[in-house]
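Listed below are the structures to be examined.
What follows is subunit A paired twice: with subunit B in the first complex and subunit C in the second.
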Partner chain A sequence: MNKRSRRILNGIRHWAVMIFTTIFVLFPFYWMVLTSLKPREELMASPPVWIPSFLDFNNYKLVWEQMPLLRYLGNSLFVSLMTTIVCLVLATFCGYSISRFVIRKPQKITTVMMILSQLIPGTLPFISFYFIMYNAGLTNTYQGLVIAYSVWAIPFCTLMMKSYFSQSVPIALEESATLDGCSKFGIFFRIAIPISVPGLVATSIFAFIQGWNEFMWASVMLSNNDMKPASVGIYDFIGQYGANSNISMSMTAAVMITLPAIIFFAFLQKYLISGLSAGAVKG
Partner chain B sequence: MDKLKKFVNKYTPVIMLLPALIGVLIIQIYPSLDSIRLSFTDKSLLNPITSYVGFDNYIKALSDPQTWQTILNTLVFAVLSLALGAVFAMLVANELNKKFRGRTFFRAMFLAPWVTPPLVTSAIWQLLLSETFSPINGLLMQLGWIDKPINFLGNTEPILGFLSMPLISIIIINVWSIFPFLMVMFLAGMQTIPAEMIEAATVDGANSVQRFFKITLPCLMPVIETSILLEGIWQFNNFNISYLVTKGGPLNSTMVMAVDVYTEAFINFNYGSGATISVLMMLIILFPAVVYLKKQLRQTDNI
Partner chain C sequence: MKNSKKILSALLAVSMLSTFAACGQDDKPANDGSGSAGGDTGDLSGKTITFTMQKYGNDASAQDKVLKEMTEAFKEETGITVNYSIIDWGQALTKLTLACTGGEAPDVADAYFTSSFVTIGQGKYGPADVTNVFEELGGEDAYFEAAIDEVKIDGKIYGIPWRMDTRAMIYNKAHFEEAGITEVPTTYDELIEVAKKLTKTDANGNITRSGAVLPVGDARFDQGWFSFLAGHGTSVMNEDYTEFTFGGQEGIDAIQFMLDLINVHKVCTANVIDPSFNSSTEYQAEKASIVLGANADFMTALEANAPQLVDVTGSAVMPSLTGEGPSSVVFSAPICIMNSTKERAAAEEWLKYFCSKEGQIKFCSSVNLINSRKDVMEDEFYSSDFMKTYPEQAERAIYGDPAIPTWSQIDAFPNGPLNTMLTNIVGGADIQTEVDNCLKQVQEIYDKGEVDLG
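On to the complex of A and B.
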């Protein structure tokens, strides 16, 4: 095979993979949006209607009227933001301590605990945790949800911050600051934190997405309709119609919860990727 | 005052890690241990007095053929979604690692399933795979490949003894949602491979397939090991896809252990037997978990 035909073959393979993946990834989204906008009589048509004759925005109006969407989205936003803050503060402190003082016992124990708690099936502490929250009066509260979410995100975020610190903050810089009489907290706030902003951003995006997408905890811990985050609220909304009875309404609700997440992510994805990459290389 | 400052400075490392450590201990480690205790009790909503019943729950669970079917389903689900997801992610990452127009655009677009709430993922795919509304069935019928719609999520007829259409369906759905994370991990690893190495191989006449298997893959091994172990454990514990798409049905054909625990504990309100299943889960995951833990600790020591 000569060089030219090999190049062409590589090009074909390259674009075949790109096009296949694009269809695989995007088609579900296309169908979701399409279903929410299709006129009623085209929904069940066979063969399926791939491009509708006109767009019917009526579903959006109906969902908006029937479901407290803003309330749900507001709950999600509030809980996810609080989770991000709590998780970020704790994980940054902890990750820094592990990355700088590895040789000592407490750090070692903490590392083991963090890795361990990532590996435990989420369902193992689940049942007992529910009773702890119930007895503490924290079910049906925002605090309870924030506690649950942050602790679930802390281990991964800690390890992410740890690898960011050990890769991007040179120890020599800190040593010279120590010689100049700077305290350990001083070094942390004046040197380590300012250098690590990209890592902090990546970690917060991760924590935020965890909170935004979470479903299992919220469905068990909340029965109060006013506090439900969007994931549970929309699940209940879809459930009340049944999976197949009102497809276009369900898909409309689905579009409304996905859109904020995708927009948020589109703006910040490059930080997430660089932050994850920093962690990925060393594990 | 000076003494206090010195004290704080000396114990700064410990002060820094205590809050997170305490949180994890109270909210994950303690309840995990307590769940193990619960698994030896008959605690349930209907039972006003909880008493210890020894290994009764375990004997009951393990003598029920459904439990074994659930364990098998869980393993098949985790292994197949991981294998398919990893191979697919590798293929895409390898192509994304080349320089071409629109590369960052494609990369960002392929990450979309990852940030899609699991609830939405399952709602869309339920529609895509439903008997009546499915555009996939529609297309296949339009092309004349099939005569009547395939009931992707309803046909429980076994395939090869351990698979069924609904199980295959939720595996495909799961691949859709997990491959982006693996892709990012692989891509990040690929970017650390020195370009000179690839160039040298090209000069020596290696074609792209040889370059992939002789250079890219061996260099990526550490990243692959870590992400596959971690993702494998996550998929073994996966709750969302099975619960949200099929609720473990029809006829338990997609029942995985995490959903079983949830159903036992929070729908049937048998907390004791729910906890038993979760302990069984932990026992199965123990071996890969220990491997992962050891690997991580070795890396920590090396820093």
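On to the complex of A and C.
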């Protein structure tokens, strides 16, 4: 096999893997969108209808009438943004502190503890955490939801920021600033933060998506329908005993709920990739 | 630059503070000392109570709309505000358990597993005694007997029975016509004969359309089995709930009948064991001609997902071994006032309003539920061709959930002893061995008497 044939074969292999992976990943989304647009008569047809006889956009009108989608999306947006702010502020301070000032063994243990917290299944401390929230009067409040989300997101956000500060902000730069008379806070705000924008954005995206997708806490802590986030609101189309679902409306709501996260990710994904890959290779 | 950083920091700090500033300031029920348990019958105008319900119907707006109308009309009549919330079924058990163990509880709740919740609430939390309201609403004569079993513990009533759920047979009239069948089966022998005519197979003998499918979803067989137990003249427990009776010959025959539909008569697909199998969706996809047990809400799912089948779908009373007597089960659920309420009198008023004949007709007809009140089931809403089967079926049904506190544990899904036994048997295990093991386990749980909803 000559060089040219080998190159073509490699190209074919590469594209075959890419196409297969893309189809594998995107198929559920394709099915979700397709189901939301199928005429109802074709929803349950056997064998399944892959290309509908026509596209029925009526569900996209009905979904606004049958559920308070705008309110649900607003709730999700508010809680996710607040979670992002809380996580970002705390994780930035904490991550920087760990990356620069953790020298002694007891201090290092806190970092290990932070990593360990990620290994605990979210459902394990569920009941006790619920009662803490209840006794603090935080169930059925946005604040409670933000705290619950942040508790689980902050450790990972901190580790992300710590990694970014450690690998991408040269200590030599900070030492130079110290020689020029800059205080510790001055170094943090004037040097570390401006250099770390990609890391901050990546952490924000992580915290936002964590908040946007969260279901468990919201479904247990909230009983007030007006405060439901979209992830819980989608259950409005699931009937008695969690069965008898209205499939097309569920899928339509799912499309509407997925869109903001996709748009958010599309605009900021270059930061996420650079933020996550920073420090991946030690130089 | 220096100032902008400070402003940014200050803004962040303010936004965080404002987020948490209101922590703990609201949402706890006001305890103003008025309307204490069992007491205040004075002017209730201005009182506020909370009311939670599970989700019913699959039109997301229907339940919300009817509750809004009812609470507004109630407020106009009494001056009492009812803040209602609708809980999805995935969280219902968790929320009710928390409410009955000291967590956040509404004043009035749509509950189930009543005897379990009364036990774990220990008189402090959980459902409260509402015998007085029950009597005002007509007492035992007003309700179907099976519905009262669910709420009566030691002679006291712990909730007002409202929704009822019995499972009737659903069939595709077009498939019947195509197969030349003119009568719906009333006995199991007739059922098998009819189902054989309706079943279609491919060239390899694989079923492409089941003549009759077991009522299964998520590989859960217990509720269908209860109906077949009834159809074979027995039940899980005896009438006074002191002994498990499913291990007798009729019980074994009921399980064997389910298996035979799959393995011997080959009228039901063996895919029922697959957790992704659902008899409703199988019917909607026209891969089943008969569903051996579906609730009254089946039609709304059909309207949403397969409207072309609405006109060709019929309902009939489930067949039984002899064609007479019980052939299905009935589940009922109560609306309860929770012991933790600080507004008992207002809660009672709402309970009377919501559970009245008029209230129940309005609510249940909006979300396609059948009802525990006899006079509600006489309403014209239940006289349509599809719905009229359900009152008839209710008359030929036995209880679905025995009123014992440990039932939630015995019938837990997927790992309770009953469900484990049935899954194993349908999966190929020996019937007698599994039944014997199960009897031992359920007796142990029953004797221990400890309630575990987990």
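As a working rule, the second predicted complex is superposed on the first by the 254 of 283 C-alpha atoms of A that agree within 3 Å, B and C clash if a C-alpha of one lies under 4 Å from a C-alpha of the other, contacts with A are read in each partner's own complex, and residues count from 1 in each chain.
Keep in mind that, in the parts below, a contact is a pair of C-beta atoms (placed from the backbone, for glycine too) under 8 Å apart; a residue touches a chain by one contact, two chains touch by 3 or more.
Just so you know, these numbers come straight off a predicted model, no measurement behind them.
Participant: Following the superposition defined at the top, how do subunit B and subunit C come out on subunit A, clash or fit?
Facilitator: After superposition on subunit A, which the two structures share, subunit B runs into subunit C.
Participant: According to the stated criteria, A:143 is in contact with first (subunit B), second (subunit C), both, or neither; which is it?
Facilitator: It touches subunit C, and subunit B stays clear.
Participant: Mind working out whether A:247 is in touch with subunit B, subunit C, both or neither, as first, second, both or neither?
Facilitator: Touch partners of A:247: subunit B and subunit C.
Participant: Pick one for A:236: touches subunit B only (first), subunit C only (second), both, or neither.
Facilitator: second
Participant: Answer with first, second, both or neither: which of subunit B and subunit C does A:24 touch in the superposed model?
Facilitator: First partner only.
Participant: Please indicate which partner A:67 is in contact with in the superposed arrangement: first for subunit B, second for subunit C, both, or neither.
Facilitator: Touch status of A:67: second partner only.
Participant: For the three-chain arrangement built by superposition, which of subunit B and subunit C touches the greater number of subunit A residues?
Facilitator: B
Participant: Just to be sure I read the superposition right, which of the two partners does A:44 touch: subunit B = first, subunit C = second, or both, or neither?
Facilitator: both
Participant: Quick one: is A:225 in contact with subunit B, with subunit C, with both, or with neither? Answer first, second, both or neither.
Facilitator: second
Participant: Give the one stretch of subunit C, out of 56-64, 92-100 or 128-136, that collides with subunit B after superposing.
Facilitator: The one stretch of subunit C in steric conflict with subunit B is 92-100.
Participant: Per the definitions at the top, what is the overlap between the subunit A residues touching subunit B and those touching subunit C?
Facilitator: The overlap between the subunit B and subunit C interfaces on subunit A comprises residues 43-44, 46, 127, 130, 147, 220, 235, 238, 243-244, 247.
Participant: Touching residues of subunit A toward subunit C in the complex: what are they?
Facilitator: The touching residues are 40-41, 43-46, 65-67, 82, 85-86, 89, 127, 130-131, 134, 136-144, 146-147, 189-190, 219-220, 223-225, 232, 235-249.
Participant: State the interface residues of subunit C toward subunit A in the complex, per the touch definition above.
Facilitator: Contact set of subunit C toward subunit A: 5, 9, 12, 15-16, 19-20, 22-28, 50, 52, 54-61, 64, 83, 85-91, 94-95, 98, 102-104, 106, 165, 217, 278, 280-281, 284-287, 295, 297-298, 300-301, 304-308, 369.
Participant: For a test of understanding, state which residues of subunit A touch subunit B in their complex under the given definition.
Facilitator: Residue positions touching the partner: 6, 10, 13-14, 17-18, 21-22, 24-29, 31-32, 35, 43-44, 46-48, 50, 90-91, 93-94, 96-102, 104, 106-130, 132, 147-148, 150-152, 154-155, 158, 166, 183-185, 188, 209, 212-213, 215-216, 220, 230-231, 234-235, 238, 243-244, 247, 250-251, 254, 257-258, 261-262, 265-266, 269-270, 273, 276-277, 280-283.
Participant: Quick check: in the complex, which residue numbers of subunit B touch subunit A?
Facilitator: That would be residues 5, 8-9, 12-14, 16-17, 19-21, 23-25, 27-32, 34-36, 38, 91-92, 95, 98, 100, 104, 106-113, 115-121, 123-128, 130, 132-133, 135, 138-139, 141-142, 176, 184-185, 187-189, 191-192, 207-208, 222-223, 226-227, 230, 233, 236-237, 239-240, 243-244, 257-258, 261-262, 265-266, 271, 274-275, 277-279, 281-282, 285, 289, 292-293, 295-297, 299-301, 303 of subunit B.
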